[in-house]
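First chain written, first letter: the chains are A, B and C, and each begins at residue 1.
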Amino acid sequence: MSSRLFVILIPLIVIAIFAILSWRDTRNNPDPTRKGFFDRNGTVLGLVFIALVGFWMLFLVVLPYLYMVVESFHPKLSPSKRGGPDDVLTLMQYKSFFIEPLSGDMNTIHMWAFGYTIVISLIVTALNFAICYPLAYYMAQTGTARKVRLLMLALIIPYWVNEILRAFSLRLLLASKGLINQMLMGVGLTDAPIDFLGNNVGLFVGLSYAYLLIMVFPLYNAIESLDRNQIEAAHDLGAPWWKIHRDVVIPYAKPGIASGCTMVFMLSAGSLAAPQFLGGPNTLWFTSVVYDFFFQSFNWPRGAAYAFVLLSACIAFVMIVLRLFKVSLGETIK
Amino acid sequence: MSARFVFKAMIGFYIALFFLYLFGPLMVMAVTAFNTPNYPQAYPFEAFTLDWFVKLWNHRSMMAGLRNSVIIGIGVVLLSVPVGLAAAIIMGQISSRARGLYYLVTVSPVLTPGVIIGISTVIFWKDALSLTDVTRATFYNGTMLSIFGQSSFISAYCLLIIMARLQRFDRTQEEAALDLGASYPQVFWHILLPFLRPALISASVIAFLSSFENYNTTTFAILADKTLVTVLAGEVRQGTTPALSALAVVIISISIFGAVLYEVLKRREENKTTRTMRNAKEAERNETYA
Amino acid sequence: MSASVELDHVTVKFGQFTAVKDAALEIRGGEFFSFLGPSGCGKTTILRTVSGFLEPTDGAVRIAGQDMAGIGPNKRPTALIFQNLALFPLMSVADNITYGLRVRGMSSGERARKADELLELIALPGQGKKLVSELSGGQKQRVAIARALAVQPKVLLLDEPLSALDLKLRQHMRAELRAIQQQVGITFIYITHDQGEALTMSDRIAVMSDGVIQQIGDGRSVYDAPDTAFVASFVGENNAFAGQITHADADSAVVQTDFGPLRGRNPKALKPGDRAVLFIRPEDLIPVTGAADSTLSSYVTNVSFEGNMTHVYLNGQGAREISMSIGRQGGTDVPQKGTVTPLSYHASNAIVLPEGTMARE
């Protein structure tokens, strides 16, 4: 258990370091406008605030993450053996991602699932950007206030219907007995129903459909604050419309684009519903792999290791996007 | 002129297409809720029926799941909104050196896939609550873990919503109250909290809805229990029944009702503002003539 | 009940920047005391130090003889009227006015009675239920005053309270403020960058520049006997002539300027060779009619008739122009635009001060 207990120490050490730093700071640079935390909020309220945030940060965010990571460095053991002599630190769960432990072969299935998940998520992200950008631009710059409010409502209402039901509705459309196949066959474009779910069209559509709103809103917010005169000035200078977008609007909306893209990527790479209900029988989405470790083989450490791999991929993506767009995290998340 | 017209027509066409994409599937699903066949089918429309709504109402596990969802939702609101509020207040007061790290840690749950939050919640709390038999018996259950897991990121939503409003708070309001003799806690209750009220309300609504709709985190954290969404997922996995369409119809109706209500309230608020502005103008005029 | 306020060599720093430097003064109980100075000179900083939002980096603030160190703004017997008023927008007018009483635990019935009383005082009877946003600028102003007075402070601090009002209302409110002060009899510390306001209302004025108190005195002495070039140039209109002192004695000094030697009073006992500035008020300049103390002459660039006064502008030293105001009593001739006109003044009306920072025009 000792390695697990150690986890608790890490955040405490970080907090202690910052406490010391800030204490030194205030001692060296006295500021007549700054008041101590407990002076400003009163002792009771101050304690309540710290307790609430401390509970959240430590017990709901940092410790579970760290604990999951530590768990992933342990072997799968029955409850009675946990904490016993067999409970050692090991890399075997991560190794199993590359080499199947039972057969000793390359673990192509899981690596393929991982690569597939990442690539498809990237495509969905790009696709959603392409679909949402014109609408966001229209709402932010061209539409009248009344229209925008209406569009906004129209955008939000479908999102009150949860993910599962939205996937379900797509399945009704795309199934072999679904409306689209009925129509195609009715018109005579095809004789036999097309298996949209089997060939993963359903999965792409489902992912894109699920996160449209996530893309529209950050884009809209970013473009909305762009001064209309800038666009008109560019227009007056004779710039064609695509150049205006490339040189004026898109650079300006960078934080919004970064925000929309990271969110859509993260949600789709971590998506569970769409692959479960719209993916073909042979499609292995990475989250489904993780899911199965938890609910079918009950191999939590290996599931944790895989989850950590996924998390690392998401973090890497966020970093790359931030670097690429040269924006800070603070600008992105608003 | 004609180029402009073509452009406008194109935009109109695009928007129509966009909303067809958005609403089409839902409308087809809605139609199937009123059609008689066992398999949810929109066309051909055989006969109108409300049977599927009755089936839905009698669906025991779905109703049990609904109850759990509501309990969890309320729990999440009760935990996340105060946490978000406290976190936003600390964000405004923390020393600039620590703010970067604080911000990173507080918003990281927003950028973490829900599955991972669910998994880490279960792994951590299983061991943490197993330390004593009492905590294990009382707290180690799906409801509690779902509240914890969901609050992990919903608190961050609340933080962002509340922080946005807090940034517009006029510090001199606080100082004015202090100057009149209020203690710091009194400033909090009398001045800051009323100012934040709209943000707290929207944070509560968002928190409840996010919790209610959540699947990725909950499916892990709920353990052996069920919420409405996990029951739904099970149903969809097993097959398809128009009762699910009926549920969607109910949800859409409620949300349209909510949207209309929101619109009405907003109108009323706007009318009130215009009235006070008119009064102020009136007062200004009287003053110059007095 | 009023209280004295003493600033005992107060210095306030923001990091490396010194906003107030070694301010030392004593404001008597019941006095109407103004701080006058250009924007950014540290007036608000002083007020916030007195009210307790800032702790002095050095020195002490004493109210009624008691050191205020470590006493928070909510524990001091002061009330502040903010530059932006800071009324509570979510509370009704009555709730605003009685907020200070509410936090002191007064019952709501008694508060309602008190609110009516105060609304009567500020001439807004029966308007307690309104929202603050429904009031006009002047009404808001009066609500802010009532809210501060409700807690019966011993010292009322006002931070440019009239700056948001239009001219006419501002003049009306000046009289009203002064009347209220006399009625309640407490110490008023008033901040303004408008010298008219300071001169008409105050018992005494402290003129500030760049965090330093330049002079403290009643309106007349600040106007007639400025201590520094800054005060002379900031308070009221003034014509400045810089140069070197050629002759000096106990009473007067002669400054060699671009317009020749000019004589004026020498209160600072400057000596020959010192760099100095001679100030003459526009109303003290007269077109030469006969024999005169001192004279200079310049080219008239503009003449503007304003009814009770005529303003004449002449080329001055550097970019500054000389201005002259001619009243109607003297029956003097007004110089013509485009002529070179000799001017004169009585040396006792001119003052010679050491060279120093001037107010920006």
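A few comments on the model shown:
In this text, contacts are C-beta pairs under 8 Å (C-beta built on N, C-alpha and C of every residue); 3 or more make two chains touch, one makes a residue touch a chain.
Here the structure is a predicted model, which is why all the values come from computation and not from measurement.
Comparing the CA-atom centres of all chains against that of subunit A, the greatest distance is found for C. No other two chains have as many C-beta pairs in contact as A-B. The innermost chain, defined by the distance from its C-alpha mean to the mean of all protein C-alpha atoms, is B. Averaging Cα coordinates per chain places subunit A and subunit C 60 Å apart. Each chain gets a centre from the mean of its Cα atoms; for subunit B and subunit C, those two points are 55 Å apart.
Note on chain placement: the centre of subunit A and the centre of subunit B lie 17 Å apart, centres being C-alpha means. Residue positions of subunit A with contacts to 2 or more other chains are 39.
Within subunit C, residues 53, 72 each touch two or more of the remaining chains.
Counting partner chains per residue, subunit B has residues 183 touching two or more of them. Listed in rising order, the residues of subunit B touching subunit C in the complex are 170, 172-173, 175-183, 186, 190-191, 194-195, 276-277, 279-280, 283-284, 286-288.
Interface residues of subunit A, counted against subunit B in their complex, comprise 4, 14, 18, 21-22, 25-26, 37, 39-42, 44-45, 48-50, 52-53, 55-57, 59-65, 67-68, 71, 131, 134-135, 138, 142, 151, 153-158, 160-173, 175, 177, 179, 182, 209, 212, 262-263, 266-267, 269-273, 276-277, 287, 290-291, 294, 300, 303-304, 307-308, 310-311, 314-315, 318, 329-330, 333-334. Subunit C meets subunit B in the complex at residues 51, 53, 72-75, 78-80, 82, 84, 86-88, 90, 99-100, 102-104, 130-131, 133-139, 147-148, 151, 168-169. Across the interface of their complex, subunit A is touched by residues 11, 14-15, 18-19, 21-26, 28-29, 32, 39-43, 82-83, 86-87, 89-90, 93, 95, 97-98, 101, 103-117, 119-125, 127-128, 148-149, 151-152, 155, 160, 164, 183-185, 188, 209, 212-213, 215-216, 219-220, 229, 232-233, 236-237, 240, 244-245, 247-248, 251-252, 254-256, 258-259, 263 of subunit B.
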